[in-house]
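First subunit A sits with subunit B, and in the next complex the same chain sits with subunit C.
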Partner chain A sequence: MAKIEDLKDEARKLLREGKVKYIIGYGAGSNGWPAAPLFIKKPEDVDKLVWDPTCVHNLVRFLVDEKRRKARQRQPDKRPVGIMVKGCDSRAVVVLLQEKFIDRNDVYILGVSCEKTGVVDDTKLAKKLPGKKAKKIEVDAQNRFVVTTEEGKTEVAAAEILAERCLECKANFPVIYDLLSGEKTKRSLDEPFGSLQKIESLSAADRWSFWKEQLDRCIRCYACRSACPMCYCDECVVDSINLAVTAETTADEKAQRIRWIQRSAESSENLVYHLVRAIHLAGRCIDCGECERACPLDIPLRFLNKKLEKEAKELFGYEVGFDAALPALVSCFRDEDPQDFIR
Partner chain B sequence: MAEDYEPRIVAFLCKWCSSAGSDLAGVSRMEYPPNVVPIQVMCSGSISPLYIFSAFNRGADGVLVSGCHPGDCHYIKGNYYARRRLNLVKKLLEYVGLETQRFQMSWVSAAEGTKYTQIIKDFVKELKPLGPQTKLRRNP
Partner chain C sequence: MEKTLAKKSFSQWVKKLSSWSVYIPRKDEEGRWNYAEADSGGVSLDVLQTTLPPKKILFPQREVFLEFAKTLAGNRETLEIKEVLPEVKPTVIIGARPCEARAAWMLDEVFGGEFKDAYYWRRRDQTALVGFACTIPPSENCFCTSVEGSPHSEEGLDILLTDLGDRYYVQSMTAKGEKLISAAKELFEEPKPEARKQVKAAHAESEKKIRRQLKDARPIAEKLKGMFDSPLWDEESMSCLRCGICTYLCPSCHCFDISDEVDNPSPLRGQRVRTWDTCQFPDFTMHSSGHNPRPDKASRLRQRLLHKFQYFIQVYDKFMCVGCGRCITLCPVGIDIIKVLDKVRDHGA
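This part shows the complex of A and B:
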């Protein structure tokens, strides 16, 4: 994990000179631990910034909210917003830039590198130290995690508690930044899509029973949608708000409204919702794992998005989030795209 | 499964080629199974993956998307976009465990009435042993 002292100095300077409106970063949670998103408006608060393996959140979601807020204001503050990004989050910024959802001048990117480690997975940590409550996690010189509990310190190998996505991360450093803390070291990956093998090796019937069991549990709270930095459509297919019901709206108009997907949490509707979401994120999902982390029922949503990431790579040679100048996956084509499935 | 099970296929046909191809099959009095519900769309590139999921959701046993041959699109490149997008849809449907035969895509030009009838015949033949599609189907 990179040291962020330089970054703090720079952040302080930015705020003092009024170059940024505010800075979105990570701070200590209400309990002192683990980290939580933090909004800094005053230069003296910069010391509250932290960077440790519990900074799991993808703060890019707040840029989407910021854009909405700005659109509502009559005379918006045009200064950029500072944001702390990890490698995966920086790729989310690239996708938003690629889609021209945000402007490069609207954001000041403070990149922090994970430097061969990454962020921890809560559930893995809880399994590793049953019954104990971690208070602090540090990274030592050998890239091992040192977990401090009430009973003392425990050393844990990185691979044991790292989040699954970090183990399959292609670039654990920011790909776009105005200021970078830490080194840009690429970790070699043997199997970038290794976690998918477990599901892919199953037969079609077994895959179906796996997904049915998983998605049957979905309560349609839409936490996955709320946490996702890419889910910024003004109107979502699952809640059509376009039809303004007024006194003049006829019963016929109400009846004719298209309801693509029903709201009830039945397995067929859940499946269609998650399929639509997966397709919408094809070539856009940067595997930050927020949907899975936000899910109150621990549905492995990441496997849906990761599968499409894999297909995009294998079928079209498309890698998401590295170049904002490239067209998006489904808004371009090549003459030699595979068509062996077409009659 | 009953012997007389007849699958129901929703076919999205592009206006300029495949629709005309199915028309040709019709006016030429070619025989093909009546299991298809054709829906004319302006271009295969206009088909949202949601149409396909929704068709399965409302009880289609199979979905066919048909457009112009590559290079023949009335809108120059609509079918190229469709090819890319629907390839992903096909992979995704396979991944969640829907039978691969249930979603198919074809290129049918306005002159290929025979090819259209053949595709429908093959499609129905492949769907019959699978039985009704219940996985994505909404409960009535």
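This part shows the complex of A and C:
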């Protein structure tokens, strides 16, 4: 993993010179997981920045908040926001640019390279070291993880506790950045869609019962939607009321809003919610895995998005999050696109 | 009433409670713990924290209030409305953490008082809580001792079990508790004097093992009264995702929504249901005019803390937080209620 001293120097400079409003980065967490999102406004706080394999969060989600905040302000501060991004996260920035949700001038991208490893999966770590809590995780010269717990240090092979998405990583260093910390090294990949093999091998009936069991656990806390940088709609089908209502919305418009989904966390409603979300992310999801990580009930949501990512690749040769100038998958048509569904 | 129960007799006791619905923390194939009905196989207790607290048994995420249906007889349309009250079998939750029972004791206040919530009490009256003292803290973020609780608190419990190695020390505080013991009297023994000593020592020891602490919770509650417009809320809520984890998984949060769910539009048939709701969702306070009095994450985080540490105390003289630490452990971005309240305490100091 990269050392980020160069990035800290730049961050300090940016804040001192007032070139960015604030910086979204990683700092120390206090809840038992070493890293947590950190928002830095003062140059002297830059020392609090950390970069280690527990920086799992995709901070691009906070650019959505920033846009909402600006929309509410009468005279918004138009300076860019500094943001730390890993390779995968940078692809989310590309999608937001591609969809014109943000402008390139809205962000100053502080890229960090994962180099030969990636980030740690908390569930895998808990299984590997049962009953112990990591205080710190570092990467040694052999690209092994060194986990510090209260009982001392334990070395773990990276592949054992790496997040699933890192095992299928498509960008271990940022694809877009203003400053890059670390090397653009190549790393060996596992099967690109390896995690799907098991579920794809099941029969339709078995897949159905698998998903029923998984989605029945859903309590509709919407952490998956909330953690997702692509779920930025002002109006979402699952909300009980329309958040896009304004003082100008007429009573008729309000009354005629279709309720697509009931509030009850029941099988049919949960299924509709998760399928709608998955379909809306087709050709947009960059596999940061935040939905699955945020889920308190461990629903394997990545499978849904990964499957659609695979379909986009196989059917349309489309890989999202590398080129902001490319038209979005669902908004373009090319002659070579398969048309066998038109009968 | 105080007894002891040999650990090897525990399963037998659970079996003897066959006329009750017995809930106990159970592990699924993936290693996830959840309160589920005990089956005929072996059951055991372990010091752990389930993701979902047993709140869901007393206050289910979905409760049907009434059923409605329109019928057409000749030219006359009639609307039939039928109240649906839950039919609940006597239920016992075994292995509840003492903090979770304290939370039930808080729900009793909210759903009791002048206007009793019939739906809640139908379940509550039928439910007994058998707690299991936390001789080891079940979470690294436990802080019950800071909010007037303890790892061996009896509040809200009918029975408290304490692990004494080969046996459980059984303290029954209520008539419901005694009923549970008398269902299998022969399994329980009179405690020996040294067992009484052991249990006292285990309880005293358990308090020392709690790792996290919120200092001066009562003075913080007092200070919060002047913090409504503080910029602190903006800063602390920056990383909030506006999801419902901290509240849905909180054993004491109890906000709900009521809506009509239509099964069939014509002829009209459906149900009026109560479902969990949370102050952390933007639509929670959204008015039909489009005005939202809590328009941002800052005001919603503030609401969660003020409800727990100011308003509830004003009304019931209790914190609406039992210190289980779930909101801290499960927050995807590490928002830590202890840290936020620490900042409140030190604010302006």
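Simple rule for what comes next: the second predicted complex is superposed on the first by the 317 of 343 C-alpha atoms of A that agree within 3 Å, B and C clash if a C-alpha of one lies under 4 Å from a C-alpha of the other, contacts with A are read in each partner's own complex, and residues count from 1 in each chain.
Throughout what follows, a contact is a pair of C-beta atoms (placed from the backbone, for glycine too) under 8 Å apart; a residue touches a chain by one contact, two chains touch by 3 or more.
The model shown is predicted, which means the values in this text are computed figures rather than measured ones.
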item: Touching partner for A:Q197 - first (subunit B), second (subunit C), both, neither; value: neither
item: Partner chain(s) touched by A:T249 [first = subunit B, second = subunit C, both, neither]; value: second
item: Subunit B versus subunit C as contact partner of A:A282, first or second or both or neither; value: first
item: Subunit B versus subunit C as contact partner of A:E266, first or second or both or neither; value: both
item: Subunit B versus subunit C as contact partner of A:S209, first or second or both or neither; value: first
item: On subunit A, positions contacted by subunit B and by subunit C; value: 262, 266
item: Subunit A-touching residues of subunit C, taken from the complex the two chains share; value: 30-32, 51-52, 61-62, 140-141, 235, 238-239, 241-245, 248-249, 257, 259, 261, 273, 275-276, 278, 281-283, 286, 288-291, 295-297, 328-336, 338-339
item: Residue numbers on subunit A that touch subunit B, as the complex places them; value: 199-200, 204-212, 237, 260-262, 266, 268-269, 271-272, 275-276, 278-279, 282, 304, 307-308, 311-312, 315-316, 329-331, 333, 335, 337-339, 341-343
item: Touching residues on subunit B, where the partner in the complex is subunit A; value: 49-50, 53-54, 56-57, 70, 77, 80-81, 83-85, 87-100, 104-107, 119, 122, 135-139
item: Interfacial residue positions of subunit A with respect to subunit C in the complex; value: 29-33, 35-39, 57, 61-62, 65, 69, 72, 127, 133, 219-223, 225-227, 239-241, 243, 245-249, 254, 262-266, 290, 293-294, 296-298
